[in-house]
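Chains: A, B and C, in written order; residue numbering restarts at 1 for each.
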Amino acid sequence: MSKRLQGIITPIIAVLLGIIVGTIIMLVSGYNPISAYNALWNGAFGEVYYFGEVVRQVTPYILAGLAVAFAFRVGLFNIGVEGQFIVGWLAAVWVGTSFDLPKIIHLPLAIIAATVAGALWAYIPGLLKARLRVHEVIVTIMLNYTALHVSNYLIKNVLTNHKDRTGMIKESASLRSDWLQSITDYSRLHWGIIIAVICCFIMWFLLERTTKGFELRAVGFNQDAAQYAGMNVNRTIILSMVISGAFAGLAGAMDGLGTFGYVTVKSGFTGVGFDGIAIALLGGNTALGVFFSAILFGALKVGALNMPLEAGVPNELVDIIIALIVFFVASSYIIRVVLNRFGKKDVK
Amino acid sequence: MKKRKIGLALSLVLAAGTILGACGKSDDNKGNDTAKNGDKKAAFSVAMVTDVGGVDDKSFNQSAWEGLQKFGQDNGMKKGVGGYTYLQSKSDSDYSTNLNTLARQKFDLVFGIGFMMQGAVDEIAKQQKDKHFAIVDSEVKEPNVASILFKEQEASFLVGVAAAMTTKSNKIGFIGGVESEVIERFESGFRAGVQAANPKATVDVQYAGAFDKAELGQSIASKMYSSGVDVIFAAAGATGNGMFKEANDRKAKNPNATVWTIGVDRDQSDMGKDVVLTSAVKRVDVAVQDIATKAKEGNFPGGKVTLYGLAEDGVAAAPINSSVANKADIEKAIKDWTDKIKSGAVKVPGTLKELKTFKAK
Amino acid sequence: MDYVIEMLNIRKEFGNFVANDNITLQVKKGEIHALLGENGAGKSTLMNVLFGLYQPEAGEIRVKGQPVKITDPNVANDLGIGMVHQHFMLVDVFSVTENIILGKEITKGGRIDIKKAEEEVRRISEQYGLAVDPQAKISDISVGMQQRVEILKTLYRGAEILIFDEPTAVLTPQEITELIQIMKTLIKEGKSIILITHKLKEIMEVADRCTVIRKGKGIGTVNVSETNPNELARMMVGHDVVFKVEKKPAEPKQDVLEINDLVVKDSRGLTAVNGLNLSVRAGEIVGIAGVDGNGQSELIEAITGLRKAESGSVKVNGKELINHKPRKIMESGVGHIPQDRHKHGLVLNFPIGENMVLENYYQKPYSKNGILNFKEIYNQARRLISEFDVRTPSEYVLARALSGGNQQKAIIGREVDRNPDLLIAAQPTRGLDVGAIEFIHRRLIEQRDHGKAVLLVSFELDEIMSVSDRIAVIYEGRIVAVVDPKETDEQELGLLMAGSSRKEAGTNV
């Protein structure tokens, strides 16, 4: 019981620590922390437009966080969420631009295409890990670059004729809603948030309530015992990567079909997949935790854009403050691990 | 136990502090708002959004900001809301939010710097029909958007001529950022210039795939120099900074080494006085000032593409490095070609397709 | 008096749980003082209090008569208290010397003076009769040697009082003999020793006095010379303990397990099981006796499908099962109590209840249409917990929170409840206390009496001798002899285990 409480309190303290140190840094460098944090708050929740943008940002964050968390629960470190995100984005836009179908078919088809693309992209490291024991971290990092450059190539040479971005997806594949935009004063808020919330529930249900989830968790905690108990460890590893990749691909669909409606040639990573790692850590790799930490990260990311303008805090300092929060979050995870170690001894 | 209690107390205090702080702040804000509104009636205000390269990329975004600053100072404006300012984007998804933020802060004109912002500008222009936007390096067909395009190929052509006349090995390098329409204009113009001035010289073309990876730029430059290339032109944003570093390193090790670089977007001679031959200057600053001035005077070229070429002083070749032996010859050649291009006698190719059929003279 | 360590009325609580309830422990200078108790009695907690890892809620600690406050292990070190942990804290890739000096390096001009350190290590090891190669890497030396390194670590830090936490649990019989010798040398050199154990034999052999604790309470301190194992066991468990296993004669029936010409390689690719033949009949317990590393683990892993066999045949109830998937083998009627309960037997981070269905979670009624039925799972868990006397606060507690004995009971409950025709028990009583051992032996015999085949692997000859109906001796991957426990003795088994052929044997093969 107290463990649960601890699980809730530690990330909150981490965030507060980040804010305190950020305050000190701002004071030392001669900026007004109160107006800076005020600008942060206003930039995230000050107007309904910004609130819409926060929710918009939270949507792919939830899914990316779920992707990392899901693999983590099975003992795998999926650094490749970024790559799976990119291929998902590409696949969604591809389907979204190339077909003319009724919405009831087109939109699900585009979403499924993204999910499958992400899942397939994650299947590769899963397979290599299961069959050849190649470490998934290395493979997924390499596949991130592969995804980036392959998708750039496809955008330039297949989806378009040497253009830097594709056309808009058809209305029938769009997650956007005039109504959502109108109530949030033209923010890019779209229906994807509902998908993301459903996915939180799916992750929880899958892991905690299903037979497969039992296997996934068992493999995550103790592969040897899982094998001893007759579970197929290799298949479980592949399955977990595929599901993780599916979440990541779905996150890509959120940007492809909702936020942007197109895909551009990218000069670098989007960062969503990497932010997903921090989100999963802060959320303790649980569905509910990911949901809340995605909200925090989304608010920080969108709100921070307002800090230079409203409070005159330079971008670099904003980056430092955000990084500090992430740092304390990461160390809170370490602290929690340490506490658990002691907790273990306690009971003995 | 004790520690936990202290932690809890601490967090409560902090939470209270945050809430109180928030209350205090909202008052400040109201003050600001009225001030803002007061200023607004009289003054013209203008802002820009950088792409992911950031405002100090020593290249494109920086040049735009320099232009905006100059415009602001010339017109006695203050930095900040109600005057002139910029917002920096950290990822593609920030463009829209930043543009929107500035539009909401009632700036009269908001620049989107870079072709990557095209989608975002297009979308927001449709939503905020009463606001003016400008996009650099891309075209947005909306009545409230001014599109700024450059004839990069013309500046590239001139520095290509300079490169062709400087090289001893007849091997010249070109480093592109990401393959795109803009960089293609750089590449085709440059290759046309080299071809025109020295048909024997070959151009090794490499793309880094990124505008923000200096280390990648350095390794490409290193390979090029090692293979005998002695002049490299980088049209790659901050990636090109790696080329300057490599050239400076080589020069420091061996002062007699012939390693030349050609900068891009602004006169980058500050990146290494011994190694920068010239730069294909793209006067984003001129364009930004021009459009801002027009907007201020009520002549905002909305819905139109404004092209900046040699004739409009929108592009140029920067002064040739004084330590080049045949500096005078090069300058003369550049002058001749400039006249031909301005008069329309020579049409510099803007795509690789046009380059194939390009014949100098 | 001349006490080096006095722990007076120590009380330590974890939440509502009282781990140490006014325990007093007084250690004289130059004695080996045993601390005896069942798993979970509070021995480790008491020693962790002494070593500064825990702070007691009440009580006083005196070192050489002076009241002290031991706030962390460094303070304990400074007071001359050293701990030889059960699970070694060594860096595998470092040398013996590097491990010993780690944290207290001899430096010269900022660099480690490894020569001088090696000399020092050599000097200490000679003084106390602890022969080790200072330059050897930890990963290359045996477990017994690693333990010596742990002892040297404490001596190097100037320990006067050494705490040994279950030191023999990981050792071979020869290594145990050597360790006892080492402990006696240490005493001769003026050190004092606290020996945490639940093995009565060791206490009788080496200790001077013994303090017994039970369920967190101090039961008393006795002079070992004035007591006997039965009295100690009674103090520890709280009731009389039967050392001899009572059982009816076996009534073996048909063959359940038949192994023919089985060849299995170990993880390094060397042949570990080399053409092994063995059969186990319904209604009998076959014990496999042998020195560790003669192919026992590989044999069991091959039977249960955890390791690929090269060739041969493994039949259960006449069905060929070699190289089948573990689940298939399990469903064919094989139960397995694994040797390493933490590695294989349990998912420690799962609640004990979920561990109870680790092998049949996918079957009805625990799972229906791919969805788990937690009500049924925890009903089953509660049933097994009460039936097999698993002591746990609740079925929702993580498995790792249980003591070793209770973890083992849970595993046995799970395996026995599946009612397998063949039950394989690999070292089922390793590291357990007398009460738990007795319980487990009784359960194994019960299975036999229900007409099941039981295959028991153990390194404890006592156990093999008393529980088995037949003993198969394994040596270098083969069964070299099958003997009747009533017609043999430890000496003969020892010789067979060491590879000498049994000239007059052949009786029961």
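In the analysis below, a contact is a pair of C-beta atoms (placed from the backbone, for glycine too) under 8 Å apart; a residue touches a chain by one contact, two chains touch by 3 or more.
Note that the coordinates shown come from a computational prediction; the quantities given were computed from them, not determined experimentally.
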Query raised in the report: Which is the least count of steps on a path of touching chains running from subunit B to subunit C?
Result: 2
Report summary line: By Cα centroid distance, the chain farthest from subunit A is C
Report summary line: When A-C and A-B are ranked by contacting C-beta pairs, first comes A-B
Query raised in the report: Going by C-alpha centres, which chain is most central here?
Result: A
Report summary line: Taking each chain's centre as the mean of its CA atoms, subunit B sits from subunit C at a distance in Å of 70
Query raised in the report: Approximately how many whole Å separate the CA-defined centres of subunit A and subunit C?
Result: 45
Report summary line: Separation of the C-alpha centres, subunit A versus subunit B, in whole Å, is 31
Report task. Give me the residues of subunit A that touch two or more other chains. Result -> none
Query raised in the report: For subunit A, which residues count as touching subunit B in their complex?
Result: 9, 12-13, 16, 19-20, 34-35, 37-38, 41-43, 47, 49, 53, 57, 149, 152, 156, 162-165, 186-188, 255, 259-262, 264-268, 270-272, 302, 305-306, 308-310, 312, 315, 319
Requested in this report: Sort out for me which residues of subunit B touch subunit A in the complex.
Outcome: 7-8, 10-11, 14-15, 18, 21-22, 24-26, 28-29, 52, 54, 80-81, 85, 87-88, 90-94, 96-98, 100-102, 104-105, 115-116, 118-119, 124, 127-128, 177-181, 184, 209-213
Report summary line: Residue positions on subunit A within touch of subunit C in the complex are 209-214, 217-218, 221-222, 224-232, 344-348
**Report entry** Residues of subunit C that touch subunit A when the two form their complex
**Finding:** 14, 40, 44-45, 48, 53, 304, 306, 325-327, 330, 336, 338, 343-350, 354, 358-359, 361-362, 367, 370-372, 400-401, 403
